[in-house]
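Shared between the two complexes below is chain A, which pairs with chain B and chain C, respectively.
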Partner chain A sequence: MDIDDILREVDPTFHAVPQEKRNLQELTRAWIAERSAPELLPWPADGLFERVNDSIKRQIEKVEEMTGDMDPKTNFALIVIQTELERFKYLVRSYVRARISKIDRHTLHYLSTDALRARLSEMELAYATRHQALLHNHYLSSFLSSFPSALQNINDSAGINMVETPDLESAVFIRLLKDTLVEGRGVDSDGAMDGRESDIVILRWADAKTLVENGSAELV
Partner chain B sequence: MALPLPLGLTHSEVAFVAEMELVTVVPRQRLESIDLLSGKTPPLRPPHRADLPLWLALLLKKQRRANIVPPPWLYPASLADIVHRETKVHPHAFSEPMPTASRARQSQPGYAGRIGGGDSSEVILSPPFRSNCTSAAPAGYLPYHWLEVAEALITYASDDLGGNTSEIRGLLRDLVEVRAAKMRDSAETLGAEGQGGVVSLRGVGAMELAENRGFVLGVVDGVRKIGGAVETARREKEEEMDLGGGDGGRGGYGGDGDSDDDMGI
Partner chain C sequence: MPMYGDQGNKLVQHAKRMQNLAHLPPYQTELVRAVTREVRDLDKDVASLLEPFQGSFDPSADQSTACTLLVNHLSMRRNKRCLLAYHRTRTDKLEELVWNGSDVLDLAGQQAGGGANGATAAADGGASSSLSPQEEDYVRQYGDLLAAYKGQWTDIDLTGSLEPPRDLFIDVRVLKDAGEIQTEYGAINLTKNSQFYVRQGDVERLIAQGYLQKLG
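And now, the complex of A and B:
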């Protein structure tokens, strides 16, 4: 801690966003993005979900302690805490479910390259690998084994690729978080627009992706 | 199925997000600060106002522990002003979104910067975390979650709206209708030539997006699929022309192959 930190702490004009609120903002943003993007987005690398899950666990322990005393005053606080806890759990659950449904739909695609595998969390990777292995064994025993061996591949990419991929060109809505140039590709012409902060823009996900990744925009 | 919902937030999910908006309450009972996951709530001491998330404010309201102070933009005068602007002044665009709160920048005296957007290390706040529905929010603008918050306040806190509920309800209905017509008109722009694949809907609200998401995105994707062959041909031509100088620009997108396949059927 240097002198600047000390000054900042006693400065009433400095309103840093507290960590808890930041977690909620990031969690909400990640959830909305995952619910809106046509492809699987990278698992947050900064440990957001580990932080959120830890705090949920701590909160549950606190609820268990508080249930013991039946003082009517703490009783109401308990209701509030539990309501909020359920809201957080819903966010996390819906986020994970949105991801699993994307992984289920295009399992082979997300397992195909290292760059795509890096988007999955450890648990999701284990799930996808195991799920795919089970499925493959099942196919093999029920019908693939009676095919000629040259036709047994289910990820043949010669000719038309057998591995289905998400449609990265489908349109999305984004909100700009900063003033920035927005470039898009259209059918008749490619265009660009000087976007202002809080603009809501429709464009193809492939064009929006860089803006979302560098934090200039968020999906809505 | 892990999640049987279409892409994009549904109506109930949008309403869930809107419940995170901060609103101002006047407590009628003392309540100590509660240590929540999203931070400590301010201790409630009547008659001092405090800002709380909407879901908590509604809970307190239902138990008659607090009254909600309606945000300034929800007053009939402000709503009438917005209706006037939406119909007469800018009949083809949504009214401006709520301006971003800013404060004096410490590093550069004399300049102001956005709250939460000053330096890159800090997370940029976006609705519903922007205090757009507290009593300190400006009048004459609609926040991103205007319809949801207004609806919740009319339903559960109509006695706090100063007895104008029917007038407010009428003005809100006008706004919904005039803005829905604009949303439908935007479909023309979506399919028009020369848009270059970027269409701005500045000022649109969350519920309006949820309502029209399927239609709007369907139009954009439909136009893209119908024009897939034209677009590929145009891109190839441009690439040939570019070949002399530069690296050919943005030619190599993975998705182009898909539209080819579609057209081949």
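And now, the complex of A and C:
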């Protein structure tokens, strides 16, 4: 993915791009954002993954169809399609794994409120709930069960909160998609700048979040 | 007499050291038990300290007792966190092994058998695994959970390589006899020391399992 792809994505004529390509762009974007953001981002709500899965399925069928053909021309096309297929699969796999690793690290945090739970897909929610139950059980059978009953919880918040949360203050790179005011908090003093489209800025995720959410910027 | 939290500290040191090890060291059954015992003893102390007050303890009236209670209270919680950290580090490691598709239960048995101090691990005699029985259960259950989650992604192997794919075809050398595999270009017989040019997707599992080595 290079700068041209990104510029094309934000182009107003964007919707002239065929569906297949748009899926790929959306997937790539989601993948980059998920890998850069320190916390879990919402699962794409518009059925992106249903579409991507469908197109992967279609490609696999096509490959199977073409395999029997010995014509060198088909053979070349086959290799191109298979290469694309492998890349598609890689993107999905890497995206899903990035999410799973974030969920695993802060399971209790993501299960703690409805707003956070809504970020997970149904599958992930089932996975996270079950995983947490397994862990709790493991702790119980390993040592917690012989603790005094007041100490058996693993989500104590009296005194120090035991639930770890992701570090929202860690730094991210964002690219501005339109001219906008960028405000960031610093160590000594806060700063603000008039950002221009396609500027690349590094700042804390907590500050960048609103820009990304309202579409003024994207993670790189 | 050891200080409060000494044992817990040892556990955390074990956990820290473990993070840089390729294999999983034996489960510290004794240490875990000692820390748990310390918590129970502290809890008893607290109860007996509070008993004469019949629920009407005033911290400002008896500051030395209040201080003891506070120290006991904090030590208990600290020990608990040490235990949690130790177990979590181990389960993280185990989960990683499950994701990599290695047969954890088998592996643990082998390691403990090969290591000289493997015998200290199993307090219950017989099997000399570096995993506690609870951990073996956990691995089994997590394996099931992962399989169930993976099963929902029919066309994508989630445990596949996380390296971006470059070439469709790769050179591999066979390290161990793996028998015959079926590819769409016909069957290949993988005998030791032979070399093949194959589609990466077809042999990924075999590379992960150590049958094949990727060249170049």
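The rule we apply is simple: the second predicted complex is superposed on the first by the 205 of 220 C-alpha atoms of A that agree within 3 Å, B and C clash if a C-alpha of one lies under 4 Å from a C-alpha of the other, contacts with A are read in each partner's own complex, and residues count from 1 in each chain.
In this text, a contact is a pair of C-beta atoms (placed from the backbone, for glycine too) under 8 Å apart; a residue touches a chain by one contact, two chains touch by 3 or more.
Note that the coordinates shown come from a computational prediction; the quantities given were computed from them, not determined experimentally.
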item	value
Touching partner for A:Ala115 - first (chain B), second (chain C), both, neither	neither
Contacts of A:Asp104 with chain B and chain C, given as first, second, both or neither	both
Touching partner for A:Ala77 - first (chain B), second (chain C), both, neither	first
Partner chain(s) touched by A:Ser94 [first = chain B, second = chain C, both, neither]	both
Touched partner set for A:Met123, first chain B, second chain C, both or neither	second
Superposition-derived comparison: chain B or chain C, residues of chain A touched	B
Contacts of A:Phe143 with chain B and chain C, given as first, second, both or neither	second
Which of chain B and chain C A:Ala45 touches, first, second, both or neither	neither
Chain B versus chain C as contact partner of A:Pro18, first or second or both or neither	first
Residues on chain A lying within both footprints (that of chain B and that of chain C)	56, 79, 83, 87, 90, 94, 97, 104, 160
Of all residues in chain B, those that touch chain A in their complex	1-3, 5, 7-9, 13, 16-17, 19-20, 31-32, 34-39, 41, 55-56, 59, 63, 97-98, 100, 103-104, 106, 114-117, 120, 122-126, 128-129, 190, 193-204, 206, 209, 213, 216-217, 220-221, 223-224, 226-228, 230-231, 234, 250, 253-256, 258-259, 261
Chain A contact footprint on chain C (complex, rising order)	32, 35-36, 39-40, 43, 76-77, 80-81, 83-84, 87-88, 91-92, 95, 132, 134-135, 137-138, 141-142, 145, 149, 152-158, 160, 162, 164-165, 168, 184, 199-201
Residue ranges of chain A touching chain B (in the complex, touch as defined)	11, 13-18, 20-26, 28-29, 32, 35-38, 55-56, 59, 62, 73, 76-77, 79-81, 83-85, 87-88, 90, 94, 97-98, 100-101, 104, 160, 165, 167-173, 175, 177-178, 182-193, 195-204, 206-207, 215, 218, 220
Parts of chain A lying in touch with chain C, wherever the complex brings them together	53, 56-57, 60, 67, 79, 82-83, 86-87, 89-90, 92-94, 96-97, 104, 123, 126-127, 130-131, 134-135, 137-139, 141-144, 146-148, 151, 154, 156, 159-160, 162
